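Dropping a structure here in structure tokens format, bear with me for questions.
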Amino acid sequence: MIQHSDVLERSLNDFAIEVPSWGFANTGTRFGKYLQATAASTLEEKFADASQVHIFTGKCPTLALHVEWDVPKGTTISSVLELSARYGIRPGSINPNTFQDQSYKHGSLCNEEAEIRAQALDHIFYSIELAAGLSSRDISLWFADGSNYPGMANIRKRKEWMEEGLRQAHDHLGPQHRMLIEYKPFEPAFYHTDIADWGMSFLHARHAGPQARVLVDTGHHYISQNIEQIVAWLLSEDMLGGFHFNDRRYADDDLTLGSIDPYQIFRIFAEIGHYEWETNTKADIAYMIDQSHNVKNKIEAMIQTVTTAQELYAKAALLDHEALEFHRAHQEIIDAENVYKDAFATDVRPLLQDWRRAHGLPEDPLKAFRASGYLKEVARQRQGRQKESAAYA
Amino acid sequence: MIQHSDVLERSLNDFAIEVPSWGFANTGTRFGKYLQATAASTLEEKFADASQVHIFTGKCPTLALHVEWDVPKGTTISSVLELSARYGIRPGSINPNTFQDQSYKHGSLCNEEAEIRAQALDHIFYSIELAAGLSSRDISLWFADGSNYPGMANIRKRKEWMEEGLRQAHDHLGPQHRMLIEYKPFEPAFYHTDIADWGMSFLHARHAGPQARVLVDTGHHYISQNIEQIVAWLLSEDMLGGFHFNDRRYADDDLTLGSIDPYQIFRIFAEIGHYEWETNTKADIAYMIDQSHNVKNKIEAMIQTVTTAQELYAKAALLDHEALEFHRAHQEIIDAENVYKDAFATDVRPLLQDWRRAHGLPEDPLKAFRASGYLKEVARQRQGRQKESAAYA
Amino acid sequence: MIQHSDVLERSLNDFAIEVPSWGFANTGTRFGKYLQATAASTLEEKFADASQVHIFTGKCPTLALHVEWDVPKGTTISSVLELSARYGIRPGSINPNTFQDQSYKHGSLCNEEAEIRAQALDHIFYSIELAAGLSSRDISLWFADGSNYPGMANIRKRKEWMEEGLRQAHDHLGPQHRMLIEYKPFEPAFYHTDIADWGMSFLHARHAGPQARVLVDTGHHYISQNIEQIVAWLLSEDMLGGFHFNDRRYADDDLTLGSIDPYQIFRIFAEIGHYEWETNTKADIAYMIDQSHNVKNKIEAMIQTVTTAQELYAKAALLDHEALEFHRAHQEIIDAENVYKDAFATDVRPLLQDWRRAHGLPEDPLKAFRASGYLKEVARQRQGRQKESAAYA
Amino acid sequence: MIQHSDVLERSLNDFAIEVPSWGFANTGTRFGKYLQATAASTLEEKFADASQVHIFTGKCPTLALHVEWDVPKGTTISSVLELSARYGIRPGSINPNTFQDQSYKHGSLCNEEAEIRAQALDHIFYSIELAAGLSSRDISLWFADGSNYPGMANIRKRKEWMEEGLRQAHDHLGPQHRMLIEYKPFEPAFYHTDIADWGMSFLHARHAGPQARVLVDTGHHYISQNIEQIVAWLLSEDMLGGFHFNDRRYADDDLTLGSIDPYQIFRIFAEIGHYEWETNTKADIAYMIDQSHNVKNKIEAMIQTVTTAQELYAKAALLDHEALEFHRAHQEIIDAENVYKDAFATDVRPLLQDWRRAHGLPEDPLKAFRASGYLKEVARQRQGRQKESAAYA
């Protein structure tokens, strides 16, 4: 019998999760946003809110920054570092934005116009420089590039433009950096998306250079696609750079992690855990949250997400890999499956409480956060700064 | 051999298509909007743009109105009728909005709070009164009501609230009205949507009263669901009220009709045509466009949509229903299928040109519209009124 | 705090699960069958195997019978009742087969030829008489009727034929019977299936008569469709007759229950439990297993399925419905969701062991069954009798 | 204006399509087979039927062979070549079978047991030798390898075994051979499939060696996946080896090509045509049919498929690539799309009739075949020989 607490101690200590700055701001669907009185508007508010998540969970020391919304051209590095120091939260991954500007209507690095491609590349260069200044390691690239109607795009030519742009971006990296390339099957492009699946991310990363890796957003797959198999393949090829965590049922719903299919998230962690067990190495993976929930309170939802991630990670950490390999080798199907089922069925909440207590953290982070009065305070402070944004049907 | 031109003449004369006011305004995805210099902002501009579509296609005499965006409380009926008269376009279906207001965060007619339910019902009452004042027949109801996370909603109670609300709305109808109930599997709700499929619309319509019908949005189905079968069932039960036309590949992509899977639209028309042939009656169906394209010019795309709809409708009109029934009765599979394939393979564009010429319309509506200089003119007029709206990732 | 053991005691005592005769025979995919030395070939072997499942789980007292494979014309009622008595397993639902005979190539009740429709109806009549003779309550109807190519079927006419056939079948029922109508989106028909979704089953059941109900097979839905919502609607309309349990990832994969998405099965039980709590009645639902696994040992997989069903049912039984309603009423989203998450996170295996011990059952049914030596014994007995037999799911 | 007839002449002359031997035999679904009196049972009958397709269409000179069903160990090369000569049909691609034998229950090249892996590899070696003897160029590899339940498979280890096996198979190729690696998301494995998507085929092909290419089966994709984009990528990477043609709506339905979504097949041809136009080279692609229809007559369906393929190929051949590139370069969305729509809307049937007449072929191949009396003759000859034979797709 495995000593659960020991395994968990080691696992949970190593399991840091990055929170996204945009996860504290008002977000919504194309049908509109339901505004929250406590939503963050400024970078300082985002740092402040992120620090709350870290204070109560203990494992969220970094904040993913979105270049256009948080640190646009003109922002001084020192101002960000000052906020970072004040709130005890380090800048995390740097996220360029090459879709918001009107000029990107027909794409960024894949745009037919060389000028727009150059503009996008320039923005990525700037983002890399930001990463250098802020001591961030990862530049996370997601491209909305694609087309909406058959015939309107030269798919092969766009592939070449993307390839060329990514190669130049890679050349711009410092030795300490990684370039993470995200894929997504659709939305906002609805006919074709230039980087639509893991295979396309993979090839682009390979072509770009040795510091490029694939970024897996759990919501960016075809329905019923086996995500953990993709994770296993990427691990096998040493190309898994990180995750954007969220859950979904239909499309890229951006719901909170584990809210729809917790067993799937468990299986992803199981593949990673098995890889680490088998190779006796720690996989170098950036775990990041990227959600866009519209109805839950932002900070509460983030804490809930982190505790859910920890629970599913802990269940996977309890897997008896030796038993698993034994049953697989003997083709004992049911027994191998039951190793998974047993780990998943285990109630790890008491063990997590122990771990939190041992690390000076509140047993129930959400409850403790609520008791802190933070939300009431910021609701007062941020009052009146909410404004409606355009909705449509 | 069927006389193509006769069949087409009868069919196309009867095939009117309603355009939506919001189809001329700037729309987008949750990632932002790419603004068009010629997009309509005011109701007058929408009437003006709609009249262009009608002028060049000849078959779009009505404009669907969105209550909140076009005729909110305070609008005088006479002001709308005056625009209608000026531009030669009648008000079409009336579309209430029970999702935009912040109070609808947790639903409208299905909201847990009785006050919000009353507010939503009141808005629907107002919409019915508008329909009465504007001599519109159809009130189109689409509800964003639903939930995002398992457990948060009492699905059965919400069903009852919806049922009660729809019954009261139906009681409010004039004898000349119809209430069309739309369904949609997901978005903006991502766990459950209170009216998720045709069966739910159907039951609600049956419970509501004899003037209620089902509204089929071609983009609101599970992937691979057989839409034409639903159409056949609704015709069989006398419950098909109308269509919201668009196309899609993944989710509710809201692309222009027939751009992704034209054969599917053809098959929908084929079911309707077969019903009309068999029963020797004209099905009483409201054909309406509801798209949300982000990259095509609004008016051009609307004209393209109408001509595509006419082409697919014309192909279906060429179906040899007697041959179809003969082959079906004799279980001659390939021959029955080939009746469909032959009709679909026929190039109806020359026949449509004949029909247009015969009705004093330009042979190529898009080309003629472009030659008119309208876009250049409105680009100048509407200049500077475009404003950015919030984007997010 | 709810007393878990009391709740579980009441719940599990009432939760009987029917096993299918064909679940003990060799089944496979269209690519072939991997034969098992211990698979059952005769009705006696199926009764024998089912009794093993019942002996070790305590809650599987009935065996679903497939008319063509188990009790074809010519079978004497007494011979079946004798087996039933010998093995302590009662005949359960009666499952007609209107797809296997070559005459059903183009459908059964929906066939264009009246003679074939009569043949199918006659088979259903015979099945109802069997149910009368065997004291079975439910006749489970699943129709493979559909078409493979656009144009080959008159969908509306087939709907009428089905309606007529079901009405006649209903007229044939005894007062003690129920007619359960199953739906399935596709396979073996790949263009349209005559009863494709719950709405079609529902309308057919309503048209057929008061003893007709809808049968929900958990694998017969469009991908991402919300099954628990359908369950809630059917409960609300008093039209839920029963379940065919299995799990799936892609299509109708017929995997063992809870193997892919256990949280979804939990949510189905949660809707039922909530209905029972709210109405203070026991829902009259037939819980039946219908799987077609190709690699697991048949009896072991059945025991695994039953214990998995009990675990998920038990988790749902732990739901704090009052808390749920409180949080819903106050629109406390996260708290309502956490009621679900907490129940699902609870490790019910120790509680189930208590319950089994209290009822004289082995704590670990699978382990106990394996220790019994039954498989070794039947492998010897059934040796050499493996032959391909028709499979279905 | 393009001279349609010239373009078509060149295109159609070059467009040969391979038919599969198993397409003339009885096939079905897991629910059974509807047997056809004219279905082929022997290799000679398959050659005979294939020659009929070639006689009436003029473009099907080769027959794909399935090793286990057509040329199992013990078959003499000379006997096959004699049939080939007699019927004027050359052996086409060679298709090993590593799923039918009971030993492959847990996989072939990915099996945990080294002995089974060796058996599978041996079968592939034998298939390559067959290809050498029969002067076939392509060995088509489709693997059913996968798992049904989470936990039961070591995905990474299986990837390595597959990689090793394919490398050894590649080493066995003659210089004239190509190894085509097919992918499929699911079925018969329902949890994970070892080669599930184009990215996995691609990586395996790259690892295997320079003569390996990817084989695209049009039915082997996630629903809504953009197949033509994959085709474009594979062309761009010089890794597209060939196609298995069929159509589908839900899963791997194996319906006849173009029966469900003809526009998608057109778009695939459009990508190929654009590549050939841009590079001024003929893409080296094996076009093969792989369908498993259960209700249409086998030979008639094959002829229907070939004519449908020719029609869609011809429509794509009419594309005005210069216009396409012009509109793309100028970001004239609607105009670029209309180049596609115009080509697709063109009725190419008269042009195809011209082409057939010019090549001494019947204008309507299906009609001519029916008039030949062949089916009546073989129905008489093959009477009573119907037996279940293994099906696959």
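Chains: A, B, C and D, in written order; residue numbering restarts at 1 for each.
Just so we're on the same page, contacts are C-beta pairs under 8 Å (C-beta built on N, C-alpha and C of every residue); 3 or more make two chains touch, one makes a residue touch a chain.
It should be emphasised that the depicted structure is a prediction, and the values quoted were computed from it without experimental measurement.
Novice: More than half of A-D's contact pairs recur, by residue number, in one of B-D, B-C or A-C. Which one?
Specialist: Looking at which residue pairs coincide with A-D, the repeat is B-C.
Novice: Does the chain A and chain B pair touch with the same residues on each side or with different residues, judged by whether over half of the numbers are shared?
Specialist: Homomeric contact, same residues on both sides for the most part.
Novice: Give the rotation angle, in degrees and rounded to the nearest 5, that superposes the C-alpha atoms of chain B onto those of its identical copy chain D.
Specialist: Rotation angle, to the nearest 5: 180 degrees.
Novice: Find the geometric centre of each of chain B and chain C from their Cα atoms only, then give the gap between the two centres in Å, rounded to an integer.
Specialist: 40
Novice: Per the centroid of Cα atoms for each chain, what is the distance between chain C and chain D, given in Å?
Specialist: Distance between chain centres, rounded to whole Å: 38 Å.
Novice: Any chance you could list the residues of chain A touching two or more other chains?
Specialist: 106, 148-150, 185-186, 191, 223-224, 226, 249-250, 259-260, 263, 295-296, 333, 337-338, 341
Novice: Across the complex, what residues on chain C touch chain A?
Specialist: 223-224, 226, 249-250, 259-264, 295-297, 300-301, 304, 308, 311, 333-334, 337-338, 341, 344-349, 366
Novice: Using the touch definition up top, name the residues of chain A that touch chain D in the complex.
Specialist: Per the stated touch rule, the residues are 106, 112-113, 148-156, 159-160, 185-186, 191-192, 196-200, 202-203, 222-226, 228-229, 232-233, 235-237, 263, 267, 270-271, 274-275, 278, 324-325, 327-329, 331, 333, 336-341.
Novice: In the complex, go through chain B and note every residue touching chain A.
Specialist: Chain B residues touching chain A: 22, 25, 27-35, 66, 95, 97, 99-100, 102, 105-106, 142, 144, 148-150, 185-188, 190-191, 223, 248-251, 253, 255-256, 259-260, 292-296, 388-393.
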